[in-house]
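See below for the structure under consideration.
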Amino acid sequence: MTDQSNMMALPHLQHKPSKLRLARVLGFALLLWLAIVAVGGPDLIGQDPAKQSLLSTLERPSLAHPLGTDHLGRDMVARLLSGAQLSLSLAFLSVITAGLPGTIIGITAAWFGGWIDRILGAFADAVLALPGLLLVLMLAAMSPGSWWALYAGISLTLWVEYFRYTRQRARIVLAEPSVEASRLLGLGPWLLVRRHLIPEIGPGLLTIAAFGAATAVTSVAALGFVSVGIRPPTAEWGVMMTELLPYWREAPFLILQPVGCLVITVLALHLSVGGMRRP
Amino acid sequence: MIYSIEVKDLSVFAGSTHLMGPVSFKVKPGGTLVIMGETGAGKSLIAQAILGTLPGVLRAEGEITVNGRRVDQLYQIDRAALWGREIATLPQEPWRALDPLMRSFKQVKEAHRYVADRQAIEADLATTEAFEALGLSGAEQRLPGALSGGMAQRVAFAAATAANAPILLADEPTKGLDSARHAKVVGLLAQVPQAGGTLLAITHEASVARHLGGTLIVMRDGTLVEQGATDAVLKTPSDPFTRDLLNADPQNWPKTQSHTTAETVLTVRDLAVERGKKCLFEGFNLDVHAGEKIALTGPSGIGKTTLLDAIAGLLKPASGTVTRGQSLPRHGVQKLYQDPPAAFPSRVPLVHTLRDVARRHKTDWSRVMQFLEQLGIHPSLLERLPDEVSGGELQRISIARALTVGPKVLLADEPTSRLDPITQRETLLMLDRIAEDEKIAIILVTHDQSIAQKWADREISLV
Amino acid sequence: MSPPLKSMLGVLAARGLQAVIVALIVGIVSFAMMYALPGDAAYRIAAGRYGYDMMDAAAAEVVRLELGLDDPWLIQLWSWIGQLMQFDLGNSLVYGSPVVDEIATQLGFSLLLAGGAVAASLLIALPVGIVSGLNPGGLFDRTSMGLSVFLRAIPAFALGIVLVLVFAVQLKLFPVAGFRGFDNLVLPSFTLGIGLAAVSNRVVRDAVVDAMNADWRLFSRTKGLSSRLTLIRHVLRNAALPVVTYVGVQLAYLIEGVVIVETVFAWPGIGHALVHAIFGRDIAMVQGTALTLGLLYVALNLIIDLACRLIDPRGSVA
Amino acid sequence: MIKPLSAVICIAIAGAALQATAETKSSVTIASPWEVASYDPAIAGFAIQKLQIMENLVDADVNGALRPGLATAWTASKDGLSWQFTLRSGVKFHDGSDFTAEAAVTALTRAWKQPGVLKKAPIIGISASGETVVITLEKPFTALPAFLAHATTIIPAPAAFDADGNPAQMIGTGPFSVSNFTPPQSISLVRNDAYWGEKAKLDSATYLAAGRAETRALLAESGDADVVFTLDAAGYSHLQHVDTIETSAVPIPRVVALKVNAGHPFFSDAKARQALSLAIPRDGIARAITRFPEAAADQLFPPALNTWHSADLEPLQTDIEVAKSLLSELGWVAGPDGILTRDGERFSITLRTFPDRPELPLIATALQDQWREIGIELEVSVANYSEIPAGHQDGSLHVALYARNYGLTPDPIGSVLQDFGTGGGDWGAMGWHNQKVVEALDIIASTVDPDQRQASIATVAKELHQELPVIPIVWYQHTVSIDKNLKGVIIDPLQRSYGLSDMYWAN
């Protein structure tokens, strides 16, 4: 164990920005690439993700099919691409639908404190105590085959984490003298949020969001596993994981592909928010 | 003879950049060495180099010998073996140096138990004695969070010296203590050499140096400017910097002019404030006039800060009134904080903060730049984050920020207690000039009697 | 009354209130949603009972008459709450047996699994987190970080099956599935635990980093305590606080994983039962299981709170 | 961290040891997908019967030929309206109580009132007289004995019911009695030494329900389960290469079929249904999805139903072009997007199926892709299977994909009658009526003359083959993996028994 002292502040030595910046650049590059892929979709390679050929299933990668074919002889590249469209956009969506309310309510609770804080807190606890899966399955069952319902359900279970984090951190930040000073200087709520809260809480939130995106997709996989949300011939990374599971022995490279895509996504998110400093 | 500490040509580098040194000195058992200098002059680096706690990125060169044993070549493990047994360390800001989750008694006891290798029972006894000796009785079961600065300092002292190591390193031990406790701690340190131990104290207060005696080293941006017997150096400093340093001691300040005018900007009538349910004081009356410099003194914990908050309208007084003069605009009362970095949004470049305020109060940016110029702040500093500029600079920037609002009253809560004497004097002189130029009333909270006498038009002491 | 005791009582009261709120919300929400589901409940229940070889419209009609599904919903909800007041959860619409019995058998297994999962996650997260926290930015830290991201993106079932292949089929250390003995608990626990640890090891790591950089840590060293003693007596305890609170948060996400893992490992757990109940429109069962899970969550959080109070004598924990 | 780790390892080793002792060669563990969560014969009968815990009055051999069970003999009256079942004497239930006519009557009456096969038979009364059970009918029904071999007509002991008459235990007369029941996952059995027939060779057995095919495959491979039923295609092909186990696949009378709403204007004409049939890639599906190429269903009744399967039916073909032409004959023309339209209506339909049998959604997906070729837009809705009977009742159904078991009773007439009799059935014809078939079915149900019966069967088979109210796709295989050292395993194509009582370990 090395004895790292912080007895005296040496700002120029505290952190090594160069390495961090490199990681970020890499992260953003990956994100950009993913975005392009998601927008382009299967048209990028002009293959139909739904076109089957039952006589050439579970094929290893070849020139015709760079990533092989799935259990119905569909081109994996095409499926992954159209999967990216759905998964990424909906992961993004669920992060937004969970993150915005969570953050806003959290700030509200911390800002006003008192009984508003207590009520919101109790509410959040109650929601957490509801088995999230219950909500998701219900919503999924209410509008069968609708992806949006699926993700709405998932965000319903995810918002609480944002709430808890924001509330806890905002409490601390708002108690700092710097906020008192800004108030005394007559700066309005918006400036307080923009200059004090967002810079302090932002990074943490982004990290949660990065995790949230992964959670969203794996939750879809989990639901597919209890055969909810299967809707042929749609390709979605999570559902692909479940679809390809039975063939994990014959063609392990298949199920690894959607997983790999998700890993890349999560990694890209983490790198771009600058490491995963977890609240 | 064997010296307790012998340092030959000690220099500290960060990579290739030279931070401190070279310095050489010897302290014999029962001797005292005092190191003085501005903040950031590298005083602490010497202590860390001797101790072996330099940040991983720093590198020390030169010979360090402790009790006749060459330590700078040793492995970290072996150096750590000296800690507490050969060398005791008194930390800066002791309340942050104590484990917040462990009761103070236990934190001292564990030192007796594991460092002095005593049996549990003996350790108990020794700890109890230490607590009595240091007048800490009753604080045994308190958590650090519930200790006053002075108590924390003494608990830390008890813990550090449990294994009664012959050498004591004290790095700015009086930082942020009020005059009463200040004296106590200094007395505590003075006993060390009398008991045959060796004291190495780092301070920027001439008074402390005078009281401790021994030999003195004066540092300035990493280089040794003067070295010699403390009394001699303090009497007849040879180096101009030393002279500045000594003149910067409030005792040697010239008395400032009064710029008080007839206009009353703020009236306080039989004000009473409470913290929690405990009434701090009541029946407090005050008339504040434009351009007036008022010093507010009193032992810590008496409620000086709370009073300021009440005047600023940040908290509701238990009873009494704070009446603002009709000329006083809505944001006419501004505040300066003890710890400048804490008063700025930490992740936003300073320029944004200032621009926000200027925009909010329709103050012309050129005027802000003017203030900064008066305060001697180079505009380029504004591009930095709060923790990237020195405390003195930041305090001056916060003054400029306050001026941008165009206040009539400036509440300054120990604005210089964390600055070294020279910066302190500069800052307070600037405040004086502002009071004169802008006709702003300034209420200064300080625990330094001489500042109150030399700087303020009148002193109000809460007792 | 001494403050710590007071705060304890405060916690108890708060959680007690929460329990009541949860009970009501769970009951009403689950009922309302079940009610809002499209499709004919009688058909679903009949399907759940008789399987696709025997289920048909006739069966559905029998069910409809038997269960009085045509009663107005208010009456149905009211009767449920009425029963609940007498601590009666009613009978499973699909199996006819009392919900309490169904849950009683399965809850035990689920608790075992959840407990095992948390244990497993700590077993992984603590050492990994501490080691990477003691040397942040080091090779170990980076590797564990990368691994965390990877494991985070693997769905529980895939992980479970790989574990089975390695430890049950190849090494023959543990059984594949079922619940004969404690050895059956190991693989499912770790399947869940690894997923949890993927996140919590970072929490441990950050907590340790913070503690290691604290002034009091350095002082405890310079006052003479060995690095080992410092770690044990100061660092770990301070680092424990955020970790424990985070475990509390994780408990909520445990349940989803539990369902999957129970299915993969043929483990007779309550999550599994909940899913089947939802598919089978077994309202009584859904309400029963959801209620149990909700209260269970509250209870576990109570334990977490008390643990925090124990670690942190300062009382109020953010 | 060393301590806890070692603790885990200890558990592991202990576990391994425990495992080893559990594997003494006098018990087997069998795994199958079906969970058992009830004591009720009407609900859990299929498992209780397979595990030989309870028995029927009538038993059947692997070829579906009836043989005495708890009844030694049965006769019908001249008019065929009353049946007499003579009960076996000296039979005891697991709890030691005697098996009596009363017990049988209570059990059967309950089964009759509950949803189940007896409901489908024209029964008007069940009564006991001495050592016989008498069942009276409103019209002759030759298949009655076969019905009494069905899982829902097993005979539990009177003690198996609680005060309110609800099933609360599993007490039967079979060669195995229940020692432990953990719903829904597992049932532990011990040999019933007081069994009236040939006693079981094994001391004990464990039934483990493992819902996931992957889990079952791994159970088989690791040897945790000695016999594993119903493997998925992928698992099966893998296990064939594992040398500690044998795999076998037996054709069973279950068929994946497509129910078509003949009442719907799109499908009212037989030609339309034939077109659909012609556009089904049976070989592809049988090769790629179910992986038994020979099991592509070229007619509805699989070879396993020897009396109903007929070799002289012209096999169903796959021919996109013919399908297209048939549809154009019906006035369908391809729109701009390739989807057919007829007087403004798009040929866009929804197929309902369910995930409980993993292959069904896959087959549906295959159909979806294939039918696009002939210009049919197919929406696949994977939901609860009760949507199919529901859709049948309210007429909203277009087409439905499911697996139908015609071997529920040794004599399939029961199922066929329901599916293709007047008004069709939830799992059979919809909006389709064929007088010839109705009459033929009446004869089959009532006649005792084998030739007449066989003739009518031929008629039915032929009509169904041409009219295609239900389009066959593939036949099922019953896939099993067996530990090499386990002998005497008999696989019952009718899936009435796991054959536990005949299994024994080779040493």
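For clarity, chains are labelled A, B, C and D in written order, and residue numbers in each chain start from 1.
As a working rule, a residue touches a chain if its C-beta (ideal position, glycine included) is under 8 Å from a C-beta of that chain, and two chains touch if they have at least 3 such contacts.
Since the structure is predicted, the reported quantities are computational estimates derived from the model, not experimental observations.
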_Using the contact definition given at the top, which chains are in touch with both subunit B and subunit C?_
A
*Give the chain pair, either C-D or A-B, that is connected by more C-beta contacts.*
C-D
*Of the chains present, which has its C-alpha mean closest to the combined C-alpha mean?*
C
_Most widely separated chain from subunit D, with each centre as the mean of CA atoms_ = B
*When the centre of a chain is set as the mean of its C-alpha atoms, what distance in Å lies between subunit B and subunit D?*
86
*Rounded to the nearest whole Å, what is the centre-to-centre distance of subunit A and subunit B, using the mean of the C-alpha atoms as each centre?*
46
_Centre-to-centre distance between subunit D and subunit C (centres being mean Cα positions), rounded to whole Å_ = 37
_Rounded Å distance between subunit A and subunit C, as computed from the means of their C-alpha atoms_ = 21
*asked:* Touching at least two other chains at once: which residues of subunit A meet that condition?
replied: 2-7, 144, 245, 248
_For subunit C, residues that touch 2 or more chains besides their own_ = 157, 161, 215, 218, 221, 227, 263
*Multi-chain contacts in subunit D: which residues touch at least two other chains?*
214
*Arrangement of touching chains [line / ring / star / complete / other]*: other
*Mind giving me all the chain pairs that touch?*
A-B, A-C, A-D, B-C, C-D
*Along subunit D, where are the residues that touch subunit C in the complex?*
1, 4-5, 8, 11-12, 14-16, 18-19, 22, 29, 31, 37-40, 42-43, 46, 114-116, 119, 152, 166, 182-186, 208-212, 214-215, 218-219, 221-222, 224-225, 354, 356, 384-387, 389-390, 392-393, 402-403, 405, 408, 418, 425-427
*Mind pulling up the subunit B residues that touch subunit C in the complex?*
51, 53, 80, 83-85, 88-89, 91, 93, 96-103, 110-111, 114-115, 143-145, 156, 159-160, 162-163, 165
_Residues of subunit D defined as touching subunit A within the complex_ = 213-214, 217, 232-235, 237-238, 281, 284-285, 287-289, 355, 358, 361-362, 364-366, 368-370, 380-383
*Along subunit C, where are the residues that touch subunit D in the complex?*
39-40, 43-44, 46-47, 49-60, 62, 94-97, 102, 105, 119, 123, 126-127, 157, 161, 164-165, 168-169, 172-184, 186, 263-268, 273, 276, 279
_subunit A contact footprint on subunit B (complex, rising order)_ = 14, 44-45, 48, 52-58, 76, 80, 91-92, 171, 312, 314, 330-331, 333-335, 337, 339, 342-348, 352-353, 356-357, 360-361, 387-388, 398, 401-402, 405
